[in-house]
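One chain, subunit A, appears in both complexes that follow, with subunit B as partner in the first and subunit C in the second.
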Partner chain A sequence: MRKCYFDHVATNPLLPEVFDAMVPFFKEDFGNPLSVYELGIKARDVIENARISVAALINAKPSSIVFTSSGAEANNFALKGIALAKQNQGKHLIVSRVEHHSILNTARSLEKMGFVVTWLPVDKYGLVDPEVVKKAIVKETILISITHASSEIGTLEPIKEIVKIAKEKKVPLHADGVATTGNIPIDVKELGVDLYSMAAHQFYGPKGAGALYVKEGIRIVPLIYGGIQEGGRRAGTENVPAIVGMGKAAEITSRDLNSRISHCKLLRDKIIDGVSKIPNVYLTGHPENRLPHHASFVVEFIEGEAMLLMLAMKGIYAASGSACSSKALKSSPILLSMGIQSALAQGSVVFSVGIDNTLEDVEYFLNEFPQIVNRLREMSPFAKGWKTGAEGDKCYTGG
Partner chain B sequence: MKFVHDIKADFTADIVYMMCPMHLLKLDEMIKELEIGQMLEILTDYDGALEDIPAWCQKTGNEFIGIEESEDYYKFYIRKTVE
Partner chain C sequence: MRKCYFDHVATNPLLPEVFDAMVPFFKEDFGNPLSVYELGIKARDVIENARISVAALINAKPSSIVFTSSGAEANNFALKGIALAKQNQGKHLIVSRVEHHSILNTARSLEKMGFVVTWLPVDKYGLVDPEVVKKAIVKETILISITHASSEIGTLEPIKEIVKIAKEKKVPLHADGVATTGNIPIDVKELGVDLYSMAAHQFYGPKGAGALYVKEGIRIVPLIYGGIQEGGRRAGTENVPAIVGMGKAAEITSRDLNSRISHCKLLRDKIIDGVSKIPNVYLTGHPENRLPHHASFVVEFIEGEAMLLMLAMKGIYAASGSACSSKALKSSPILLSMGIQSALAQGSVVFSVGIDNTLEDVEYFLNEFPQIVNRLREMSPFAKGWKTGAEGDKCYTGG
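After this line comes the complex of A and B, so read on.
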């Protein structure tokens, strides 16, 4: 059976060159980067080389890159680090409603610590309106955090426009770039952001490596205290193989990004065209201004998890924005924030392609997926009469 | 402790929120970049620096000019006097 991995927003396979670059640092080159002898010096040098490669990927200064264990840690570091550093100036943060859980839950934890969070609404495409950001800023605002793109809906947020407003009001802006770095060109200087999060496994690097860009001059309180690693900003003996892998993946991504984008866009557009032909299926997120490898939908009358299971039985691996736990169906807060009704949001499904996918994969998928949808609808009590349109729920789709 | 005001520094190292021993490492790193006679400013909120930086100056022979307290952190001034 053909295997089609269409879940590149979840993670990506490690590039063989990346793996090869990492191996010596698990084996003979195992030194601690703080050691003064040759093994340590080598480990220190490769970390600094990785820092240069990661910085180049987003056009940053190498000294502004702080390695972390993940994108989630980078997001936690940005929010908590700035909140604690600036709490004497104010305790107000602005966060959008389409953020990853590592932002949403960090902001919630800060609320419990006495900070006040304004949760920004989004439009039907999941876009944050810069004018709404402007209105939300008050004297006590110390940080704005907006995702560059949500991995659930793919919409690219107008970060540059929001930065302009943040700069006028002298409020630092963090953008979660976990879903964007390695998928679209990133230039932090052009964007004007103060902080930017990344994760290596999103661009064919290893899991266990992430980074936070912290613009020169921004003060941030460390999440982890201890030694002098990362200039005292993130203690703990460095995960040298993972950092080396992140550096190598960044170097390859800088080289291959344009061809990756062209390849993924072609496949993504075919998926969007094909899936949109199925009745009562709606694209979520922005139709054009979205991640080049990302196609997300809501499928009326059926539930996302069921689609994923049936797709997996055909060797097709995808994701759903909906979460199903303890028999209690919970709709995606991101889809709900876009005005999509709860029942329809249950039918969320996300396909994200990568360099390992082919046109044949997409053709195979487009042949299988309509059959799966039909089969599930035949079984669904919610779909009664949908073919005639007589009893089907009329859901606002947002699209 | 010598308290000073409105000192003009040639270089500044902002290590506010960084803990021990970053103040000494940064001091050591930055002082190498200075010419003899130039002034270095270290911004830190680490209390241990109150003892460590004057002691470092005494040990290395560089001149400890003094500190200025701001709301959230200290400003340390050191003049490079030896190579």
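After this line comes the complex of A and C, so read on.
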């Protein structure tokens, strides 16, 4: 049976070159980067090289990259680190409703600590309106955090426009770039963001390595205290092989990004075209302004989980919403915030392609998926009489 | 030239079997543990198996193990997690003066947040007196945090006795077990601790994997918020290969611990015997009740850093104090807290042996080290006339 891994937003296979680059640091070059002797110096040097590669991927200064253990840690670090650093200036944060759980739940934890969060609404495409951001800013606002793209719906947020407003009001802006870094070109200087989160396994690097870009001059309180690692901004013995892997993956991504995008877009567009032909299936997120490898839908009358299991039986691997919440069988708060009704939101399914996918994968998938939808609808009590109405479109727009 | 790695407290080489166990999870088995299909299920299963192995190493229930990215993260998680969970009951913590930076600096950050910390003194061996702990406990005390052993001085703290007192007063106790786990037998049930920190690279596992034992029934606030990983206690896509490696390392350590201890103790004792013969060199920490692979000294009239560099030129790799502070050229606060004078504390050097060391390594070292000390003393302005006095002993006891 053909295997089609269409879940690149959950995680990615490691590039062989990345693995090869990591291996010596599991073996002979096992030193602690803080040790004064050769083994330590070597480990220190390769970390600094990785920092240069990761910085280059987003056009940042190497000194503004702080390595973390994951994108989630980077997001926690950004929100809590700025909130604690600036709490004497104010205790108000602005966060969108289409954020990843690592932002949502961190913001909620700050609410419990006495901070006040304004939760920004989004339109039917999941877009944040910069004008709404402007209105939300008050004297006490110390941070705005907006995802660059949600891995659930793929929509690219207008970060540059929001930054313009943030700058006018002198409020720092953090963008969660976990889903974007390695999938679209990122230039933090052009975007103007103050903080930007990344995760290596989103661009064919290893799990266990992430980073937070912290613009020069931005004061941030550590999330993990201890030794002097990462310039005192993030303690703990460095995960040298993972950092080296992240550097290598960044280097390869910088080189290959354009061809990756063309490849993924071609496959992705075919998926959108094909799946959209199935009756009562609706694309979620923005139709054009979205991650190039990302196609997300709601399928009326059936449940995402059931589709995933049926797809898996055919060797097709996909997601229903964010991997981090796939076990929590609730309607996605992101889809609900876009006005999609709860019953329809249950039928969420996300296909994300990568460099390991082929046109044949997509053809195979487009042959299997309509049959799966049909079979599930035949079993679904909700599907009775669905052929008669046209309520799907209304559901989609939340009407 | 012979290479003698005597810095096993800084980090350890990875066992080949551990690396082999990790490899598939960098390659074909790259799935996200939260994905519903096969690749995800497999990743989830191996994490649960690793949890069983890590739990077995310290005689804990698997469900009480929370994986982290490092020992430092586990220490931060323990202190901040309990402080935030229990702040309505009180805001007082008790922390010893011989803690690792990841405890010291986390406790200091809590002080800035309005918590009050009592810093426990230690005796000349670095021992915390349980009676002093008893006196420090007040109605508002919500946590006691004592290292099981400091990697700088090797002294094993009387955790069991301190726990007895903590239990009487119903205060939870966290022990930092980063330096002990894998080096001495640990039984968290017998110790009675409520929280216990570990790091895989301290027992021949990979960097990037640590764990916090959280006894059943202890409520703790996450340090990293986000998805539902680790039962909602620690978010972020799991570093599957590193966790698998930690599990494998724990399994091998459980099997080999006794022979490791005998091997290390033999070499360590020879180091202590040999180095103690050099005039005006003093063992730091407890003479018997210490980590079995650990020998630490202060060498009068010379600086630790200079010794390390001269040793490294002979292929001998050692540390001066904690690796996490080796770049900060201040006298170790741990040595100062034991009453060692600042000038003498500068001459700190730590040798920690491991399974990769041999008797020949020790013999080679014992031949080279006295010459290095002599050469440095010849260059040292402080060493003038040192042969005439016997002030060393006085310095050592802080008299």
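Note that in this section the second predicted complex is superposed on the first by the 382 of 399 C-alpha atoms of A that agree within 3 Å, B and C clash if a C-alpha of one lies under 4 Å from a C-alpha of the other, contacts with A are read in each partner's own complex, and residues count from 1 in each chain.
Just so we're on the same page, a contact is a pair of C-beta atoms (placed from the backbone, for glycine too) under 8 Å apart; a residue touches a chain by one contact, two chains touch by 3 or more.
A quick note: this is a predicted structure, and the numbers were derived from the prediction, not measured.
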| item | value |
| --- | --- |
| Subunit A: partner with more touched residues, subunit B or subunit C | C |
| Partner chain in contact with A:R233 - subunit B first, subunit C second, else both or neither | first |
| Touching partner for A:P13 - first (subunit B), second (subunit C), both, neither | second |
| Which of subunit B and subunit C A:A85 touches, first, second, both or neither | first |
| Contacts of A:L309 with subunit B and subunit C, given as first, second, both or neither | second |
| Touching partner for A:V36 - first (subunit B), second (subunit C), both, neither | second |
| Which superposed partner A:H100 touches (first subunit B, second subunit C, both, neither) | second |
| Touched partner set for A:I220, first subunit B, second subunit C, both or neither | first |
| Which superposed partner A:K207 touches (first subunit B, second subunit C, both, neither) | second |
| Intersection of subunit A interface sets (partners subunit B, subunit C) | 221-222, 225, 228 |
| Contact footprint of subunit A on subunit B as seen in their complex | 14-19, 21-22, 25, 71-72 |
| Subunit A to subunit B touching residues, read off their complex | 85, 88, 217, 219-222, 225, 228, 231-233 |
| Complex contact set, residues of subunit C against subunit A | 5, 7, 10-14, 19, 22, 26-27, 30-32, 34-40, 69-73, 75-76, 100-102, 105-106, 108-109, 199, 201, 206-208, 210, 221-229, 235-242, 305, 308-309, 311-312, 317, 319-320, 322-328 |
